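Working notes, beginning with the structure itself.
Labels A, B, C and D are assigned to the chains in the order they are written; within every chain, residues are numbered from 1.
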Amino acid sequence: MRTFRLVIACPDRVGIVAKVSNFLASHNGWITEASHHSDNLSGWFFMRHEIRADSLPFGIEALREEFAPIAQEFSMNWRITDTAQKKRVVLMASRESHCLADLLHRWHSDELDCEISCVISNHNDLRSMVEWHGIPYYHVPVDPQNKQPAFAEVSRLVKQHEAEVVVLARYMQILPPDLCSEYAHKVINIHHSFLPSFVGAKPYHQASMRGVKLIGATCHYVTEELDAGPIIEQDVVRVSHSDSIEDMVRFGRDVEKMVLARGLRYHLEDRVLVHGNKTVVF
Amino acid sequence: MRTFRLVIACPDRVGIVAKVSNFLASHNGWITEASHHSDNLSGWFFMRHEIRADSLPFGIEALREEFAPIAQEFSMNWRITDTAQKKRVVLMASRESHCLADLLHRWHSDELDCEISCVISNHNDLRSMVEWHGIPYYHVPVDPQNKQPAFAEVSRLVKQHEAEVVVLARYMQILPPDLCSEYAHKVINIHHSFLPSFVGAKPYHQASMRGVKLIGATCHYVTEELDAGPIIEQDVVRVSHSDSIEDMVRFGRDVEKMVLARGLRYHLEDRVLVHGNKTVVF
Amino acid sequence: MRTFRLVIACPDRVGIVAKVSNFLASHNGWITEASHHSDNLSGWFFMRHEIRADSLPFGIEALREEFAPIAQEFSMNWRITDTAQKKRVVLMASRESHCLADLLHRWHSDELDCEISCVISNHNDLRSMVEWHGIPYYHVPVDPQNKQPAFAEVSRLVKQHEAEVVVLARYMQILPPDLCSEYAHKVINIHHSFLPSFVGAKPYHQASMRGVKLIGATCHYVTEELDAGPIIEQDVVRVSHSDSIEDMVRFGRDVEKMVLARGLRYHLEDRVLVHGNKTVVF
Amino acid sequence: MRTFRLVIACPDRVGIVAKVSNFLASHNGWITEASHHSDNLSGWFFMRHEIRADSLPFGIEALREEFAPIAQEFSMNWRITDTAQKKRVVLMASRESHCLADLLHRWHSDELDCEISCVISNHNDLRSMVEWHGIPYYHVPVDPQNKQPAFAEVSRLVKQHEAEVVVLARYMQILPPDLCSEYAHKVINIHHSFLPSFVGAKPYHQASMRGVKLIGATCHYVTEELDAGPIIEQDVVRVSHSDSIEDMVRFGRDVEKMVLARGLRYHLEDRVLVHGNKTVVF
């Protein structure tokens, strides 16, 4: 069922819901899902509606035009998306396959509603798996002494494929700041710890050294500061003294892939609204 | 902060949200929380609004009067409650103290927003604990050969205290059908299993015999059919072969009291809408 | 690191641990993992040791011979396995790919220590995915009017591949009793509910109708009675009124594949000891 | 059932289990629970046995004497405790009652096997609740300008009551270093975050600012470095954008009291072995 998604963030005040609901009702819009949130700390209001496309008397362009005056009146950050327009996603991976294989399988079995434009990797290991899915695979090695050419090529490929979302599926390289800012809130990373604990490299080793009883994973938007961007989703799994670092890595893989898949899904469904360094996830 | 809660269930159609939002906006109502749900299977729509009382130009009676025509237009089941009117709760318990102690402590530390009118028990064991909290304690023994007099007395006490909610905090007796139907959707029970598994007596023994790897608890409204009423909340905890039935009982106590406290809280905050044998919990 | 696994179940009495530990120490056995359990209800004792193969002065056959008198003395059910001998596994699937893809990926990335001899399916849908992994795929259609020939063929294939474990990865067909009893405690099924709730067909529909707040999956050994065999592993995930049956199915897939992968792993590592209708999982 | 608990940590080598098992078997010791752990990173071995007291031909003193040569041979850190000798516990609290009330109720209903010698608080708020349980309450105010006298008094009371365990049940004051080192691995704290995230004050505010999707609590031994001691137990609970800091505090209370109760229980049952900054929890 094709729907339009109206996603709004604006300063809170009386009458927003009424105005928007009236607008939709006046055009006979059939709302299949509605979510609101008033953030008391910031004084902002967030709203997401999902509306059956076939219930409206016009298409998405007219809908945008009709809605624009309301958006202006309430100083809204807003967007309307169309589920018939699948988002183009570029996946980036390194050598470890679990997150990539998981996303590819979900996409292959129609669980993830997107187009996967290509996979970019700094290694060639996962080519066959990716190509079996009929997806182009680009091997862009990263020279540790001079990373710039590789990232220029990554940037070119991302642009060429008109990516709307970039997913770092355990890519293991830090993106350069200009790429982060150009694709702000569009690059999704999975970090293999329960952030803000254990930023940076080898988080399972850090976790083992600290003797924690739960390990986790965090899906977040990439910003220029390492592992510090807005968090979309997190989860944890219990470990004990009897689990070696290898065991933690193994348990962690399952958490990582689940958390990344959930986070990406929320993003693809336009459920994530970023405000400052926090997210509203409807 | 005093709020009014407008809770609605009605057949779904276009324009309900707009109508209600308009109504609230036209009176300058400041909505602090709003939740909607369209149930595709039944074709019903459910809605809950929390509105700051001081944002409206009139009191709850006028609010009800003003809203009544809308309710009629859309054939709504509806109610408006006032957080300044705490619900009167009667707690019923037997010998085990964990659920009762938990609820009393939450109430005592202002976590549960209600009035606890009295505690009724078929045993005298918990009197001192209850009376320390300044709450009347009624010992109503149940004669296994002739339970009717006891339940008549229970019924009388519930009426005398004008109870709006009755909580069976491990009461261990089956209420007679007339009491169940008189207080439909107002009697809350905690069953010590993950229903519908292990209905009836000694669920931890049943769970141990079946060799399950998780045990649970279920908070539900009491209906005439044993342990079959609408479920409000459930949770589970992991067990293993090394856990004896006594261990299960101990783990289970923690799940029971958490699940009951959450379920009761949802009810007190008018978050639970019953439809058939299912609940919407906003 | 190659290890031998000594797995024992016997009537409990004083001195078992001492006898076994002495035996291992007298041969200089380096124990990397040891687990015990005394079951008070049944009076049985369960034990599992993992011993470095290179710490012993002889091979597995001599180890078995040396140990046999102790086993006889204590009337033990016992086995010694060798991690160098990977278990041969036959996977069975129907049309849904999530469990099969998950197991294949874990095997492909060396997370599951076994040999996958072949995949048998009553449909042809998953052939390409399986064959990409270099694993033979047998399409054995099941005629609903006459299932016997199909199961005869399944039985023949299982025998031909000398399967030590058969995994029903959402196979969706009920195995005939003779196959169940011939491979007792060797056929592992994933049922898509938190058993004993919702035995049989369409458990997510059953769960939705009952209005439960958690759905789950159960990995168990197959016995002649449907969905009633010894449980190896279970887990659950939270759902709410806003989740449709389709959402439940989607959430459930993640639980199913995790629970099945964990259950199979325990089995492959000789961690599961069956006693009556219950399991000890070390 | 009275048991002795033999708890051992020593450098790992072949023959420890055999020696200890033999020793116990030679005296006809009935082992009700046994746990082992070999830590590969440190090369240490950890073991805990629970033995029925009535199965041995002598008392605890003779048991210790008989075992001492083995302990010496293997350079063991070891202790033997007797469940008939309940540990003396001093509880410390501030104004918040949830952890204290929870521990008192568990003790009162015989779930925590210890003696509660007294409660020490820097406020007088919880006196009545404590005294209802028949436990002495000491109000020791802490002067923020000069904390030394208060901690001298705390130290005196702890000594006077011959405390074996001190529990900081949301005490909200930092103990002086000399008290920490004098009672090393005997002072148990509950920190209201998932350490190592959010050390120090107002962790729920820190968590809210960071936008995490799970909040937690950590039970740990107190060391001189703030919130950095060996972790005994941790757990988390899911939060979302719709939860205010007040909601987090409320959810957190339930996690805190569960985690503290579990951690204390493990300690009282001699299940926690500290090695460096990590714990083995059998």
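FYI, a contact is a pair of C-beta atoms (placed from the backbone, for glycine too) under 8 Å apart; a residue touches a chain by one contact, two chains touch by 3 or more.
Remember, it's a predicted structure, so these values are computed and weren't measured experimentally.
Where touching is counted per the definition, the chains common to chain A and chain B are C, D. Each chain's centre was taken as the mean of its CA atoms, and the one lying most distant from chain B is C.
The greater number of contacting C-beta pairs, out of the two interfaces C-D and A-D, is seen for A-D.
Taking each chain's centre as the average of its CA atoms, chain A and chain D sit 41 Å apart. Chain D has its Cα centroid 37 Å from the Cα centroid of chain C. Annotation for chain B: residues touching 2 or more other chains are 242.
Across the complex, chain A is touched by residues 37, 39-41, 46, 194-198, 208-214, 216, 230-231, 233-236, 240-242, 244, 277-281 of chain D.
The residues of chain D lying in touch with chain B in their complex are 33, 97-98, 101-102, 105, 108-109, 111, 128, 132, 250, 253-254, 258.
The residues of chain C lying in touch with chain D in their complex are 14-15, 17-19, 21-22, 24-26, 28-34, 36, 38, 55.
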